[in-house]
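Both complexes below contain chain A, partnered by chain B and then by chain C.
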Partner chain A sequence: MSTAVASLRTNAANVRRLLPNWVWALVFIVLAILYPTIINAMVSAPDDLLDASIQTLAYVIMALGLNIVVGFAGLLDLGYVAFYAIGAFVVGWLGSQQFADVNGGNGIHVLVPGQGLSGPTPGIHINFFFVIFIAATFTALWGVILGAPTLRLRGDYLAIVTLAFGEIVPRVFENSTSGIFGIGSTDFSNGRQGITPIDKINLPWSNTPFSSLDLEKYYYVGLAMLVLVIFFNIRLRDSRLGRAWIAVREDEVAAAAMGVNLVRTKLWAYAIGAALGGFAGVFLGSVNNTVNVDQFEFGLSVFILCMVIIGGMGNIWGVILGAVVLSMMNRFGLPKLNGVPEKFGLDFDVTSVNFGIFGFFLLVMMVLRPEGFIPSGRRKLELREAEIDEADHIGAESDRQVYEVRQA
Partner chain B sequence: MEAASIPETPAGVPPRNRAAQWVGENILWVLLGAGLVVFFVQDPKQTLDDVKTGLSNGTIWALIALGYTLVYGIIELINFAHGEVFMIGSFVSVSIWGTLGATDQTGLGAVVGAIIVGLVIAMICTGALNAMIERVAYRPLRNAPKLAPLITAIGMSFILQNVGLLWRPTPDSAPDLIGSQADYFSIFGVPIEHSDVFAVIITVPLLVALVWFVGGTRHGKAMRATAQDPDAARLMGIDVDRTISLTFVLGGLLAGAAGMIYALYNGTIQFNQGFTAGLIAFTAAVMGGIGNLKGAVVGGLIIGVIQSISDTHYGQVWTPAVVFAILILVMVFRPQGLFGEETREG
Partner chain C sequence: MTEQRTEPAPAAATNGGGGALLEASHISKVFGGLVAVNDVEFRVPQKAIVSLIGPNGAGKTTFFNCLTGLYRPTTGRVTFDGADITAKRADLVTRAGIARTFQNIKLFRTMSAIENVQVGMHSRMRSRFTGMVLRTPFNRREERESHEKARELLKFVGLRRHDELAMNLPYGDQRRLEIARALGSDPKLLLLDEPTAGMNPQESEELRRLMETLRSERGVSVLLIEHDMKVVMNVSDHITVLDHGEKIAEGSPAEVRSNPRVIEAYLGSQA
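Here is the complex of A and B:
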């Protein structure tokens, strides 16, 4: 199998070399822009597919954010959903009627159509394109706050602490129906019902919000956000900070000895990773028209981690591929398979066990191909190097014979 | 506790500083103790009742926490799927009672028989399941970086949770075989319920048996040797792979027993009970010092008490957040736990 993969990779590399990188980038962008037109022409029910694609764009952004923390900086974060939750709640607060009492019930409006049928709409309403950056800043701040206590932890302890944060954040939102921790009396979340409806996206220079039936517009907003994020990711990866992340991931002590500031480097990873989570959270909150605590379960953190791992930790293109494949499968592929278990006399929906299926992928991938489909070259070397280094670790198959001195 | 502080204390430090240092190092325990005293002074009867509920509930966490601590002690892996093994234990025992036709109307002798059969079969199933998990998900990754088996563990946990989801899609009720809400007797005005007595009666013999097994048998000795130094253990003729499997079996047996007790103690079982229970029990294991058997039991009891006090004073909605906050505090400020020694993570 490995030779087949190797030859495939050589062929792929040869094809890639036919054209310079910027041409490839252009080709993909043009394809992405034409995508709604293409599926309109080719598929009989394009709305389903387009809806799944819109969700996918948001998941790709989240996967890229998590990739910064897990792939670049090597900090296993199992609570990434917390940042999605914070971002989504920011749009819930700044783009709905949640705080109906502000400004004497007249509401605050920034570049949004402010007049309802009966006078000004109450609540805070800020244009979506400002909210995404407000939310990104706010979640980045929370990334630092939640990341700071974990700086001294490594490996599995770090993973569990981030998991605990990921569980605490949604619960805090859920229970903050009358102030937070009993302070104040503002309702921040409507409890389990969540905040709904969320303002529709409208362009800052236009006064008409997108209709919820007009999926193409949402798609283009998401695509623009994604292109921005990919550009940002590539520039970051090659920057001084990006190289510092990789150095910290490979060997913390050596990195520190070379003058890398560990605290600052790790906190930047948390902050930027979190900011992208918030970025995607605002978009999803707005698209789904509701912000609801049930959306932010642990399974989602693992789902996004699964995208990063299956695609190839640390490789931007791999992560994008992983996210597109898994998210499209989740939103579009699995529902199509719902009838299959019935044919075998089983009574359940495939969609209800989606996390089990992704868990299975995670397991198989980790055992058979831990570096992912499109591995980052460095990351792969690290994984292999660890294998060589720890060859004398417990239970190694290779040295089992040598030590076999058991009594017969 | 003492063992951890001795090497850090220079010989000539005056006693007053040493006391301050002790408080500094044990600030979490000092705060928890102080909190308990404050609550006790405010409302002695309620607090005693909470402590009772917490201790009997804590025995379940202790049994699960032992599984985490046994496995972590031997291969330094957080067996993330352990909570799900516990859930399967609950499911198996309830199914067994369904098959046997045991209900709350069944006579005493038959009930005792049904409980024993349910306990034994649940334990066998979970023990085998845990060993299988090790074989499928962890053994192929012995040489991989440490995070790889953690990720497969998460995958395994999701698979099992979905098996549970298919098995019982909605919360199910267990037959009330022990009349769990009925009072036996009361001490200082605190009623002791059937369920409290039941949890203790099942747990204590298991703990004694475990201590005997780990401390007093050849296999236990092999486990301790492997935990200390796997390579040296292999050189001494210990079959390390088999010892690790045995450890997983032991952890699984205890999780199965915990699952059976949980089903009768709480009366309801559902497919996602394992996730929360697993995290709570893991908190308990870390609190007691992961890798330390005594620590896991004490940690389980402490977490049980913290939960029941939090239920009373802050409401049940906040209790999970309280437990997770404690998990974070312990892992960040005292990763070696109550009885543990400095870990590599610290």
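Here is the complex of A and C:
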């Protein structure tokens, strides 16, 4: 089997080498842009699929954010959902009627349609495209605040502390119905009801928000955000900071002795990872039209971590693939199979055992392909070290070959 | 590259020529009840190659760690190039101009040789976050220059497989790569912790020549921990001997070789 996989990989590498990288990027972007049209023509119920795809875009962004923390910097974060929560609440605060008293009940409006049926809409309403960046900055700040106490921890201990943060943050929001951290008396979250409705996205130059039936527009907004995030990730990976992250993951002591500031390097990883979580949180908040603490459960942190692991930790394209596969399975694949157990005389929905299925999937992956779908060359070598055939690497012209593996 | 060669000149000027590059006074390090290093005085002159020797467990590496900020010395003061660096963070010590290698090789195993050296240059690179994301002309130039400089350093230490991952390099090359990585930060003082361990005599000889080139061409001082007495005696201007955390002797190679306490420490008392 391994030879089959190997020949598949060489073939894939050969195909990839036919065209320069930017052409491939263009091909994928064009495909992604045409995707709604394609499924419209080919699928009988395209809305379900498109809806799942929109959610998937947000999950891909989150997986890429977590990949920076876990895949690049090697900091196992089990509380990533906290940043999704913070981002979502930012859009809840800045894009709904939550703070109805603000500005004497007239509300604050920035590049959004301001007039309701009876006078101006109360509450703060800031254009979505501003809120995503405000939220990204705000969550980055919280990434640093939550990251700072964990800097001295590694491995299991780090995982436990971040897990706790992932639980604490939604609880804080849930209980912030009368001031936050006991300060003031403003209602920040509506408790378990959550904040709803959230403003629809509208383009800054347009006065008409997207209709909730207009899925294609949401899809394109999500896609644009994702392209921006991928660009951002690639640039960072190939920079001085990206190298410092990997150095810290490999050997903290050596990295420090080479002049890498450990605190700053790790905090950058937390900040950027968190910012991307907040970025996606705003989008999901707006798409789902509600921000509710029930959305931010521990399972979601694990789900996103699974995307990173199954896709190939540390490899941007692998993580994207992992996120697409898992999220589409969750949102689209499993609901389609809901009728299957009944045919066998069993009485349950496939969706209700989704975590069982993902767990099993993860288990199978760990046995057959622990490095993920598209592993980063580094990671694969680490996991398959024992299998590496010495002869392969001592061969005379091996330089170029190894370089290729790293790009895989 | 030119920058690197000119650097030692102003350093020598600030020290008035004759001053020591590194001066450590009354360094002690205590772990619980164990005194690993006890009140050691130590200095490295400009453009010198000095060695630290002693039997296993004498506290040599602990002393190294106290100098480079990996340990905080229990007592004592370290001055480097006129500035107090006692108990400074390791990355700040490196920035100040001390680079080191490790006894048990600590390379970034899944990075290529070039990338390892580029990490070594981290403290000398100045790209900011926005520069990295927007890939400004400054950032591009700096990346390109760091790449070229890394290749040059790898050539300098005699490593040919530049794009090979560190973990796939043979042992001797890994040692060489560690030196190249340390040189990435343009150090004024290079600390080598048992660099010839596991090398054959020919490789040790190459390393000895490398150290002398470093001093003569780049003006880098070298502080060496070493067990291979042939290398130590051939290359050092000055040798310090530690035993049980204490300095028992120092002087020129000839003096140390004939010192009865050193012989006793190495061979045991014959009483």
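Simple rule for what comes next: the second predicted complex is superposed on the first by the 380 of 408 C-alpha atoms of A that agree within 3 Å, B and C clash if a C-alpha of one lies under 4 Å from a C-alpha of the other, contacts with A are read in each partner's own complex, and residues count from 1 in each chain.
The working rule: a residue touches a chain if its C-beta (ideal position, glycine included) is under 8 Å from a C-beta of that chain, and two chains touch if they have at least 3 such contacts.
For clarity, every value in this text was computed on a predicted model and none was experimentally measured.
Applying the stated contact rule after C-alpha superposition, one finds that A:30 touches neither chain B nor chain C. Of the two partner chains, chain C is the only one that A:241 touches; chain B does not reach it. Contact with chain B, but none with chain C, is seen for A:361 once the two complexes are overlaid on the shared chain. Counting the residues of chain A touched by each of chain B and chain C gives the higher count for B.
Of the two partner chains, neither chain B nor chain C is touched by A:228. In the superposition on chain A, contact of A:262 is made with chain C only, not with chain B. When both complexes are overlaid on chain A, the residue A:353 reaches chain B alone and has no touch with chain C. Using the contact criterion defined above for the overlaid structures, shared-chain residue A:254 touches chain C, although it does not reach chain B.
With both structures placed on the common chain, the touch criterion links A:164 to chain B but leaves chain C unconnected. 382, 393, 403, 406 are the residues of chain A that lie in the contact sets of both chain B and chain C, per the superposition on chain A. Within the complex formed with chain C, the residues of chain A that make contact are 232, 235-236, 239-241, 243-244, 246-247, 250-251, 253-262, 268, 377-379, 381-382, 385, 388, 393, 398-400, 402-403, 406. Against chain A, the residues of chain B that register as touching in their complex are 75, 77-78, 136-137, 139-152, 154-159, 161-163, 165-166, 169, 226, 230-231, 234-235, 237, 239-241, 244, 275, 279, 282, 286, 317-318, 320-321, 324-325, 327-328, 331-332, 335, 345. On the chain C side of its complex with chain A, the touching residues are 68-70, 89-91, 94-95, 99-100, 102, 106-112, 115, 118-120, 122-125, 127, 129, 132-135, 139, 142-143, 161-165, 167-168, 181-182, 184-185.
Those residues of chain A that touch chain B in the shared complex are 76, 78, 149-150, 152-157, 159-161, 163-165, 167-168, 171-172, 174-175, 298-299, 302, 305, 309, 348, 352-353, 355-363, 366-367, 370, 382-383, 386-387, 390-396, 403, 405-407.
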